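Input: a single structure, listed below in structure tokens.
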Amino acid sequence: MDKKLRLGFPKGSLQDSTIELFKKAGIKINVSSRSYYPSSDDSELEIMLVRSQEIGKYVEEGFFDAGLTGYDWICESGAKVKEVCELNYAKSGFRPVRWVLCVPEASKIKSIKDLQGKRVATELINYTKKYFAKNKVKADVEFSWGATEAKAGTLVDAIVELTETGSSLRANKLRIVEELLTSTTRLITNAKALADKWKKEKIENLALLLKGALAAEGMVGLKMNVPIKALDKVTAVLPALKKPTISQLSDADWVALEVILEEKTVKKIIPALKRSGAEGIIEYPLNKIIY
Amino acid sequence: MDKKLRLGFPKGSLQDSTIELFKKAGIKINVSSRSYYPSSDDSELEIMLVRSQEIGKYVEEGFFDAGLTGYDWICESGAKVKEVCELNYAKSGFRPVRWVLCVPEASKIKSIKDLQGKRVATELINYTKKYFAKNKVKADVEFSWGATEAKAGTLVDAIVELTETGSSLRANKLRIVEELLTSTTRLITNAKALADKWKKEKIENLALLLKGALAAEGMVGLKMNVPIKALDKVTAVLPALKKPTISQLSDADWVALEVILEEKTVKKIIPALKRSGAEGIIEYPLNKIIY
Amino acid sequence: MDKKLRLGFPKGSLQDSTIELFKKAGIKINVSSRSYYPSSDDSELEIMLVRSQEIGKYVEEGFFDAGLTGYDWICESGAKVKEVCELNYAKSGFRPVRWVLCVPEASKIKSIKDLQGKRVATELINYTKKYFAKNKVKADVEFSWGATEAKAGTLVDAIVELTETGSSLRANKLRIVEELLTSTTRLITNAKALADKWKKEKIENLALLLKGALAAEGMVGLKMNVPIKALDKVTAVLPALKKPTISQLSDADWVALEVILEEKTVKKIIPALKRSGAEGIIEYPLNKIIY
Amino acid sequence: MDKKLRLGFPKGSLQDSTIELFKKAGIKINVSSRSYYPSSDDSELEIMLVRSQEIGKYVEEGFFDAGLTGYDWICESGAKVKEVCELNYAKSGFRPVRWVLCVPEASKIKSIKDLQGKRVATELINYTKKYFAKNKVKADVEFSWGATEAKAGTLVDAIVELTETGSSLRANKLRIVEELLTSTTRLITNAKALADKWKKEKIENLALLLKGALAAEGMVGLKMNVPIKALDKVTAVLPALKKPTISQLSDADWVALEVILEEKTVKKIIPALKRSGAEGIIEYPLNKIIY
Amino acid sequence: MDKKLRLGFPKGSLQDSTIELFKKAGIKINVSSRSYYPSSDDSELEIMLVRSQEIGKYVEEGFFDAGLTGYDWICESGAKVKEVCELNYAKSGFRPVRWVLCVPEASKIKSIKDLQGKRVATELINYTKKYFAKNKVKADVEFSWGATEAKAGTLVDAIVELTETGSSLRANKLRIVEELLTSTTRLITNAKALADKWKKEKIENLALLLKGALAAEGMVGLKMNVPIKALDKVTAVLPALKKPTISQLSDADWVALEVILEEKTVKKIIPALKRSGAEGIIEYPLNKIIY
Amino acid sequence: MDKKLRLGFPKGSLQDSTIELFKKAGIKINVSSRSYYPSSDDSELEIMLVRSQEIGKYVEEGFFDAGLTGYDWICESGAKVKEVCELNYAKSGFRPVRWVLCVPEASKIKSIKDLQGKRVATELINYTKKYFAKNKVKADVEFSWGATEAKAGTLVDAIVELTETGSSLRANKLRIVEELLTSTTRLITNAKALADKWKKEKIENLALLLKGALAAEGMVGLKMNVPIKALDKVTAVLPALKKPTISQLSDADWVALEVILEEKTVKKIIPALKRSGAEGIIEYPLNKIIY
């Protein structure tokens, strides 16, 4: 019988970006509408869609060997799981999300201390209650089913809400008082799966590929011809940590230089490379990077 | 200062159908993205979008004078509110929704009694717990954040889930064991609002218009010319409860007959009317009906 | 056991316009993707989607009690069926389609006689062969799987092709030489179904409703108040065949006049009615008209 | 030879709403992409699309017999034309547009007088120059090709810009200093066309139908049965200017009452009608109203 | 006069995937609606859209020098053509399609032998008749215009139908009895075109480019730095048939290794490469591969 | 305080293609609806959207340090600006646009001389007037607000209009008499900005990146293994100007050859390379090329 890794996959806001990341990592996942069991071209995976909020619990209980979910919901659920790796993306980009305590722009509340005896609404209720307790503030923290932003200043005094870019908070004229939690996506597993040699290696390979695909995000390859006498000047332009690959050309006075860079630095570096003597600079796209 | 009725409006699955119903009732509501305060052309309304699950609570607490939400969530929240009227629609049609106890098609569970000591997942957790207690069945009822259908038979033994047409249950190969609750939308208010004469009348007018718009759904008007000697035969074809409007034509041998009917009955009635002697039958659309 | 009328429904180009017509007639048909058995809100119908080309054959063989298809395909298949009624619509409008013999604009062919010994492509191959034989022209008529318009002048000398508005012929720079066939949709049945009293009445009712819905297309209702002394002048403006409904108003000098007219005539008639003394003219939409 | 009315039709922002209005008036206009000569089902019209800004000029010069354009562009171009009727709609609704003098919210400019020696950008350059001259303010008024709102406070001191709802001004944080012009759509013609009897009548009929279609906007029909003894109370609820149509029912104690009302008043009137004794109130939609 | 290769291009289900393949091969084809003569940026091609079913015939007759169509329709039409190369794609993917004999899941028919004296519907009528004859089974094989899946078990006993993924068969609850034919796309030509030196080379170049573009589908490039002492271990991980390109780096202890791999193998190979000592592994996309 | 380069960005037809070009150059620009101040990920840019027609003027006046606009509008406005570089793209492709003098196909006008005393409409009014004066032709040149193509032959005798592909002229049956101006996009600046060392370098870097991104358009990379003895034959196939990068492989008889080529030449070159002895040819995509 073929071995399978049972994988809890986050249904909802993380779903599309996680499918996209798997695709870059070389695993195509196909979700058909109304089905909770996506197919994939990796026959060793058995994938099930479950809400991010619940993946921690089901990995802990052993229903899944591994799962992908946000650090925030791992904390909220209190699930006892092993983190395999951190993956720095969230629902709409390659950056963490933040849970923040917010009040209306015009509110007199300046710090969490001012919320003593007040009413706070949030979807992240367990974590928030602990956070208030740790800060020795007694407040009435109530569960919000959603549309939380609208409640601040009307139905409650403050909210604890998720934000990625802050634009939704600005649109609702809210002010951030304090950040409670920064969260990225995590690949998690449990002790039983790690005790199985095949599963352990499968999970580690998955982590390697997902990290390789994430690393290639926003990175590009640069190739150029450099006269040997200009090589020091050219390499001085490159970020210290990036070791370029240098190979001899047929013409003994020239080498080919190849380097991987962050796309956003290229607009500064290319003009500098050209001024330092590099020629025939080309930039090309990447799929994956495994350092 | 102008008087305002504060109205809790259901954000989410009921939102679009409720906006549509208000439009038919003559009140245009305009929701801009990211805002929780829709504008309307009824300057006496102050509308706020809140999740269906929470509207009962906020009407009870007096944050709203009135609200629209499902009977299911009124029960679940246990909110103490006054029901103004029942409105027979739900998220995708003019019929009630049902919360049903489901198991996989192949499961051995035949009745709620078979769930003693088993695990049940549902979003309607309070109501379900009470229902099991009333049936004297001890089961582990746990809250589900969503994607509940996938859990039956894998993560839990049974689920309690919402269904409108049953097609999603069929697609997930689930069998209904028992119906826990039938739910339609309700216009609700509280004692304080009813004690204010202006608010009371405003709420009653709103109920009248919403019921009038709902009544026109699936109804059409029929007009025809009838020779007086055929009048009895023609009226015999019409449903007993529908009193037609009959007016004299200039030609003393003919009357004009006008009647409101359910659209779905028309395909039977029109051929019968024609055979009974009616002529020039026309069918026309309606916006509202107030009996 | 409930009685059912088995109805062959045209899959393809006629499908959407036929569903639309049934809806206006009061019967909602719902086609789900990949299923050939649409559901409807008329429980006495059992509907199956079959290609227009084949409906005649299957009605003749008794697989269906009745069917809707084009007159062209009834002719082409040579099916022996009974026509219940003609319905004047085709795939994209309320008018017949035409099968025409076409050649490139610059071709020397002026009449069918010039095609002696030439090559002709068409999807309507049997009918075309008979037509050429009747005209005593020997030509090589070959079956075309589609994209027929492109073939005229390149792969063959002439084509016989369907046209509704002629715009596709113009776009392909083709000239019409002759019209072979004018076709509308037909409701057809067979002798066996007509021998069953229940089926016969069901088919006749269906014909009545479909014709009523078609009749309302492009028609509107007009209502106005007319001083009795202007009544003759006002009615003189109306088309002779349209008998208006006239009813007495409370004010003895005035009557209410109501009439159904073609929408396209209204732009001439309304100004004339107003000049003749009619007041408070309103125009309203119709669903169905059964004369 | 058939007579034709040459009609200048506004290409651009007014185009869609004007086509929509013609459709309600009973004239279907079909614009194909890239063609400036829309077809219509009124064979007496010859329509050409021209920019609103230029229609006045071409009607004046006699290239067109009639045209539809905004009052603002008639003023701007200074064209000598005859106005047939005012049509109260503009590009996105049934209300006038306004040209307003705007400055940034924080600007010190409070009135047009403060613009002495300043720089003003606008698309409506001739009208604005005359307006400043009339107000004896010397300013540098320059033509703006568009994106005018962005210029206020950066590239120029003030702008004169079109606004319908004010939302674009608010989004750009602009404050209105003064209104220069209120504009609606006009049907215009010239002396030569009016001297032709056929053209004159054609233009007048067109005006009648367009006004009738506009009048039906936001209007609905109401029909109800009223006991004769309650008739005074019921009619007292109706707006004074709306004369209802009252007809006798077969039952001598009852009359049928029919009236046309503004849709937005219905939400107040229907509850009142019901309390006054009306029964079986139905509301139905209208296409046109010709008073 | 410029030489031209007349190319028959498959209109319909193969059209989009063929245009896509040409694009990858470096030839941009632009189809405008209603035209059967797509333009391309290869001025030596003269392309015409014709149905897949007919391309074989027209290549045989010499109307086209070459064409692209499915192997199934070449067989069905019995056209005598020369196959230049097989291209392994079909309408929705890079795999063959299959024509299969199907019956309803519950049918008693287990093999083609059970169809003696039965009725079979198919679009591939000639091929199917020959296949039944070869199997010495006499059945009534009739032409189906489409919607064939619905017919099995209702109108006929079995069907022969096209399938790519089998999902449509499953949706219609059909069981495959036997596979008649596996088909991919073919580039075909005729003897006359091959006798023309210019056309022969043009067709061969086209084949080379199309195969190169197809080969790059699902392939990726991998580049890495390898210590010379680990080179054997690293190359042992690579598939035996893939000869990597190895070049010396400036640092004498390291080489650069570059290899082209199937994307689907990468998820296994990358972790192994890393464990074998490769560093700085990057994966990059490819357009074409010509071995 | 951070330095900023104020950049005028063309709102309207050039906007999308310019944003696309910046993205390829490594600068992401984000335009939100209704805002004229796009954000970008280059914090040294301060971007404002202004009409192409006006950018020259505002760069000249120093409101912007640099801007992107068409050469046509620089000429039309007569703005005194410094051109940094030409960028060979326009609104819908990588080629210049042309302003041409057009008349109806059937017009008798054959050259500009035939327009003496005639009427000409154009949006490019200043340039056209100068052009007619230079050609010593007196014509009535009038400003057109748009829809200019429709005017030729009806409202005026000729027009001067923009064309990219000529398809719109053909659709309106216009014939080109003469070309007045060929225009591409330009990066422009003014003397004051060039006098600021930081701004000068920023503008030059921007030019380098935009040209690099444009250069990569339609270019691809080709990599192959070549036996040393075939190297001369292989390089003879390559365009003379393209210097390939050649590096030694571990196997002393082989080299790796890498070259950048125009994508449209590849369909000729790849077959030739293969015939010359190259193996394992792969083609890969590029982002940027800096020679």
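First chain written, first letter: the chains are A, B, C, D, E and F, and each begins at residue 1.
Everything that follows uses one rule, which is that contacts are C-beta pairs under 8 Å (C-beta built on N, C-alpha and C of every residue); 3 or more make two chains touch, one makes a residue touch a chain.
What you see is a predicted model; the values in this text were computed from it and never measured.
Participant: Which chains does subunit B share as contact partners with subunit D?
Facilitator: Both-contact set = C.
Participant: Where does the B-D interface recur among D-F, C-D or C-E, taking recurrence as more than half of the contact pairs being identical by residue number?
Facilitator: Checking each pair in D-F, C-D or C-E, only one repeats B-D, namely C-D.
Participant: I want to confirm something about subunit A and subunit E. Since they are copies of the same sequence, is their interface symmetric in residue numbering (over half shared, so same) or not (under half, so different)?
Facilitator: different
Participant: Measuring between mean CA coordinates, which chain is farthest from subunit A?
Facilitator: Most remote chain from subunit A, centroid-wise, comes out as C.
Participant: Taking the mean of the C-alpha atoms as each chain's centre, how many Å separate subunit A from subunit B?
Facilitator: Those two chain centres are 42 Å apart.
Participant: Which whole number of Å gives the spacing of the CA centres of subunit A and subunit D?
Facilitator: Measuring from centre to centre gives 53 Å for this pair.
Participant: Using the touch rule from the top of the page, what residues of subunit E touch 2 or more other chains?
Facilitator: Where subunit E meets two or more other chains at a single residue, that happens at 247-248, 284-285.
Participant: Chain touch graph shape: choose line, ring, star, complete or other and state it.
Facilitator: other
Participant: Output every touching chain pair, sorted by label.
Facilitator: A-B, A-E, A-F, B-C, B-D, C-D, C-E, D-F, E-F
Participant: Can you tell me which positions in subunit E touch subunit C when the two form their complex?
Facilitator: Those residues of subunit E that touch subunit C are 11-12, 34-37, 48-51, 53-54, 58, 63, 144-147, 149-151, 154-155, 168, 171-172.
Participant: Hey, which residues of subunit D end up touching subunit B in the complex?
Facilitator: The touching residues are 220, 225, 247-251, 256, 263-264, 266-268, 270-271, 273-274, 279-285.
Participant: Over in the complex, which subunit A residues touch subunit E? Could you list them?
Facilitator: Interface residues on the subunit A side: 25-27, 41-42, 204-205, 208-209, 212, 216, 221, 243, 245-248, 255, 258, 260, 284-291.
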